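Next come two complexes, and both contain chain A; in the first it sits with chain B, in the second with chain C.
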Partner chain A sequence: MVEKFDAIVIGAGPSGNAAAYTLAKQGLSVLQLERGEYPGAKNVQGGIMYAAELEKIIPDFRDDCPTERHIIEQRIWLLGDDNYIGTNYRSDAFNTETPNRYTIIRANIDKWFSEKIREAGGLQICETTVTELIHDAAGKVIGVRTDREGGEIHADVVIMADGVNALLAKRSGYQKELAPENVALAVKEILFIDPELIQQRFGLKGDEGVVIEIMGKVTKGMVGTAFLYTNKESLTIGIGCLISDFKQGSVPPYKMLEDLKNHPVIKPLIEGAEMKEYAAHMIPEGGYKAVPQLFGDGWMVVGDAAHFNNAAHREGSNLAMASGRMAAETVAELKKAGKPFSAANLAAYKARLDDSFVMKDLKKYLNLPGIMHENKQFFGAYPDTLTAAAHNWFTVDSVDKRTKEKEIMKSFVKKRSVLGLVGDAIKLVRAVR
Partner chain B sequence: MSIVVKIEEKLYQNRYIVDESRPHIRIRSEAECKTCTSQACTVCCPAACYSKNEAGTVTLVTDGCLECGTCRVICQDKENIQWDYPRGGYGISYKFG
Partner chain C sequence: MHIVVCIKQVPDSAQIRIHPVTNTIMRQGVPAIINPFDLFSLEEALRIKDRVGARVTVLTMGPPMAETSLRKALSLGADDAVLLTDRKFAGSDTLATSYALTSAIKKLSEEEPVDLVFCGKQTVDGDTAQVGPGIATRLGFQQLTYIAKIEAIDEAAKEIVVHRRSEGGVQVMKTKLPCMITMLEGTNTIRFGKMDDMFRAARYGLKTWSKDTTGADETKVGLKGSPTVVSKVFVPKPRAERAKMVEAEGASPDALAAAAVEAIFGAQPKLAEDLVGRAAAGL
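Right, the complex of A and B next:
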């Protein structure tokens, strides 16, 4: 006989874990399937974890959650060829009992979260790849087929938390292939280093941490960003660009990462560290317009598989956890009311999302991905001109300041023309207001 | 100064559970690769699984694959890459992620 559960959750990342935990806590029978050797084995994140969404699911998570450093300083750097210009914000007020942001090592968090799911009564099976959804004659999803022998399992509802590739939704015709301009490829490395060196180089004590978000020449004119984060005993460094740009270029992603590590501004920060892992992952960047159908008869999609990523603010795992929780809450309510998991009833999941920061934030930036994609000057011409201007301004020579001002203004007009500059300003304001 | 990158040295740090002689990604038609002017898979793959060969086609070795999906996305017009996840428990196994 085929085994049956109230719900099956596919994937053990932030969205799947949030869904499975919430369902188990509500007393539903839940099976979570993960294709990795252990939870986290297939997952990659920068990573910064925002506390608020995890706190909603597990209020006392700080008691034993293996976070790395709480973030007291955020730097945003624009890198030129051998220089940078940037802003830093640091505050001792971030040293609270309940910090808002932490750096994390993703596999540690996923293992910890899975333990919580098991404690809550959820069943988790690893090393199992779901190959397809099972539909009944009317097209309703009634279960999944796995690559295990006799691997057919039934459920009243299936929550797909299988990540950015979302193969299952594509195979069922619920989603189209990702457009290359709507998805980035990011590569990263974890570099282990003496914690005292981290404290010295970044001016930290205890578990204080710094994160640096990077734009500029390091992406070689492609639409992309880079980062350097401080963990307890390691640093993570990474870089990502739109796949449409990688496709047209001639620079492999690992070459771009190596050049970043050797940039004169970055190199002294990571000097002497030992590389222990190299990872790559796609990131959904298409925003609001790329969000697919989110539910149907007997199924829902959450997290990266639903394209929930706020590229402008570099938020992803919090949208993932929020969507997983909301999907589970919708299921639990319908179950309690004795209602079927029809598309009409599961539409309540979409309504919850629309009413939350998840869809509101994606909607706010709905034109940003397109504008960035079509205006490469933000990633090529501007980093050069801005750093050159700073270099000119801070070089004290015998040139008077008014002449310097004129030279700087001329350099901008030369690059983009007056109309171009005004147009770029308008585009940026329109994209983010 | 141009920096030389040895991708093998990066991948060497990773943990893989290789499913011997069961590659999870396949090139459907070599002839199709010959007609591809860019062969962008040979540039974009973060694990350098794809390489140009003397026959003018592309050789694929999936052992170092990081399962990101980039090759499938870039080859979608030609649909010449058959892309699947490895069997449960196989493939890349991130220690840190």
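Right, the complex of A and C next:
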């Protein structure tokens, strides 16, 4: 006999977990399928977790959620060849009972979240890959087929939380292939290190943490960013660039990460650490314009599979959790009202998203991916001139200050021309306004 | 036919790291898996079930988290699962473990007589290969270790024919049931479970037994029942000497041999002196 559920959620990442938990809490029968050996086995994230979205789903998550460090300092660095120029913001006010941002190790969080779903009554099955959606004669999704014998399972609605590749949506013709300029490839390492060394090097006590977001020459002019995060007993370091750039560039991702680790301003921070884990993952970076069709008869798509990632602010998992929750709330509402899960009714999911920070933020930066892609000077010429200017300014060598100012101005104009500089400023302001 | 498969949840030894500062094993973040040797025994039990029909019960002793390993075994096709867990079992060595598991198997026999007990050849975390034979001895079962193949099983005559790998050959052995079998690694491949079994495993109400459930004697389990003493735990020092690749010009055996001799003599001048001296003396 074919099993039947109110809802099937495919994937046990942030979006799938948010959806499955919300559905189970509302008393719906929910089956969550995960292809990995355990929830989180296939998931990779930097990562920083923003508390607000998880708090909406599990208000007392801080009681037992395995976070790493709460962030009290944010650094933003622009790397030159052997230097950086940057800003730091650190505040003791971040040491609250309810911190807003934590560094995390994704797999630990997913395992914890999954436990909560089981406690709420959701059924979870791992090591099982959904190979296709099952449609009825009218084209409505009525279930899924898995790679196991007797693998047909039915449900009133299927929520696809299967990650950036969104294979199921593609197989069903709901999405097109990803464009290389809309996806980044990021590589990262978790480096094990004595917690005392972390505290010394970053000036921390207890579970305080620092995160560094990095741009600059280390991406060899490609559109990309890097990061260094402090965990409890490890550091996470990673770098990512658009796949379209990697295709043209001569530097493979692992080499770029090696270069970052050997950079004179990074090296002392990770000295003596031992590599514990190496991972690579794709990140959807196309923004608002790349968001696909989000729902149809009997189906919805959430998280990375729906391209919900705010590259400008390096937010992804919170958008994922928000979209999973909103999809589930839509389902629960329709179920309660006894309405069918038709495309017309599921459109309420899109309306919720449009009304939330998810779509509002993506819309705000809708032109940013394109501008970054077409204006590589942000990743090459600017780091060079800015760091050179700083170097000039802070070198006290009996050259008078007015001459220094002139030299610095000249160096900018030489690299970009006055028109170029003004143009870049206008482009950036327009893109982020 | 009733088959009991004893399994153990172990840390995935391929992923264990040594703490660089304290030199202790870091279990944090290391996934727990079914002891890989146990899977060959579990698969063989499931094949007997497929061939002649049987009820397969998986049994493990361990902390509550061992539940995931039992569910995994259920998802592969085992019928029932028993978790033997009790703080009083903590610290058991192989003698105490085989006693505790035997007490559980005896209790399982009360429900339905056990014809076959399967154990892993050894574990990847202890490597003693003592628990299986310990159980067989306590139960008074024939023990068939290092089995490569189960040739035939006759339920009516209560007989089994197996191939046992031994030094220099294969022993074909026939014995009466009940017996205890440990399978040799690489003799089969664990199956990919069916969807029905995945559902059954996810919903299965696990049986959790304590020391009192099986009526085990408190003095024979846990640290009290374990005569083994761990006197010292240490990380082996990496060897100072490294293997060396010797290269020679051309690929002729003479050139290669000469280069090898030169490299060895270079590293061991005393040996060189001695050998050259002996050669000169016509020895």
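Keep in mind that, in the parts below, the second predicted complex is superposed on the first by the 433 of 433 C-alpha atoms of A that agree within 3 Å, B and C clash if a C-alpha of one lies under 4 Å from a C-alpha of the other, contacts with A are read in each partner's own complex, and residues count from 1 in each chain.
Methods note: a residue touches a chain if its C-beta (ideal position, glycine included) is under 8 Å from a C-beta of that chain, and two chains touch if they have at least 3 such contacts.
Quantities reported herein were computed from a predicted structural model and do not represent experimental measurements.
Undergrad: Between chain B (first) and chain C (second), which does A:95 come into contact with in this model arrangement: first, second, both, or neither?
TA: So A:95 meets neither chain B nor chain C here.
Undergrad: Look at A:276 in the shared chain and tell me whether it touches chain B only, chain C only, both, or neither; answer first, second, both or neither.
TA: Both partners.
Undergrad: Of the two partner chains, chain B (first) and chain C (second), which one does A:254 touch, if any: first, second, both, or neither?
TA: So A:254 only meets chain B here.
Undergrad: Quick check on the superposed pair: does A:123 touch chain B, chain C, both, or neither? Answer first, second, both or neither.
TA: After superposing on A, A:123 lies in contact with chain C but is clear of chain B.
Undergrad: Tell me which partner touches more residues of chain A in the superposed arrangement, chain B or chain C.
TA: After superposition, B is the partner touching more of chain A.
Undergrad: Going by the contact rule set out at the top, does A:194 touch chain B (first), chain C (second), both, or neither?
TA: After superposing on A, A:194 lies in contact with chain C but is clear of chain B.
Undergrad: Counting only touches as set out at the top, which of chain B and chain C does A:150 meet: first, second, both, neither?
TA: In the superposition, A:150 contacts chain C only.
Undergrad: Per the contact definition in the header, classify A:417: touching chain B only (first), chain C only (second), both, or neither.
TA: A:417 contacts neither chain B nor chain C.
Undergrad: Can you pull the chain A residues that chain B and chain C both touch?
TA: 37-38, 105, 107-108, 127-128, 146, 148, 276
Undergrad: Residue numbers of chain A touching chain C in their complex, please.
TA: Contacts found on chain A: 3, 37-38, 105, 107-108, 123-125, 127-128, 146, 148-153, 192, 194, 233, 274, 276.
Undergrad: Along chain C, where are the residues that touch chain A in the complex?
TA: So the residues of chain C touching chain A come out as 17, 20-21, 26, 28-29, 31, 68, 75, 192-196, 198-199, 202-203.
Undergrad: Using the touch definition from the top, list the residues of chain A that touch chain B in their complex.
TA: 35-38, 40-45, 47, 105-108, 110, 126-129, 146-148, 164-165, 167, 177-178, 180, 183, 185, 187, 189-190, 234, 243, 246-255, 258-259, 262, 275-282
Undergrad: Which residues of chain B touch chain A in the complex?
TA: 3, 5, 7, 10-11, 13-14, 17, 38, 40, 43-48, 66-70, 72-74, 76, 84-89, 91-97
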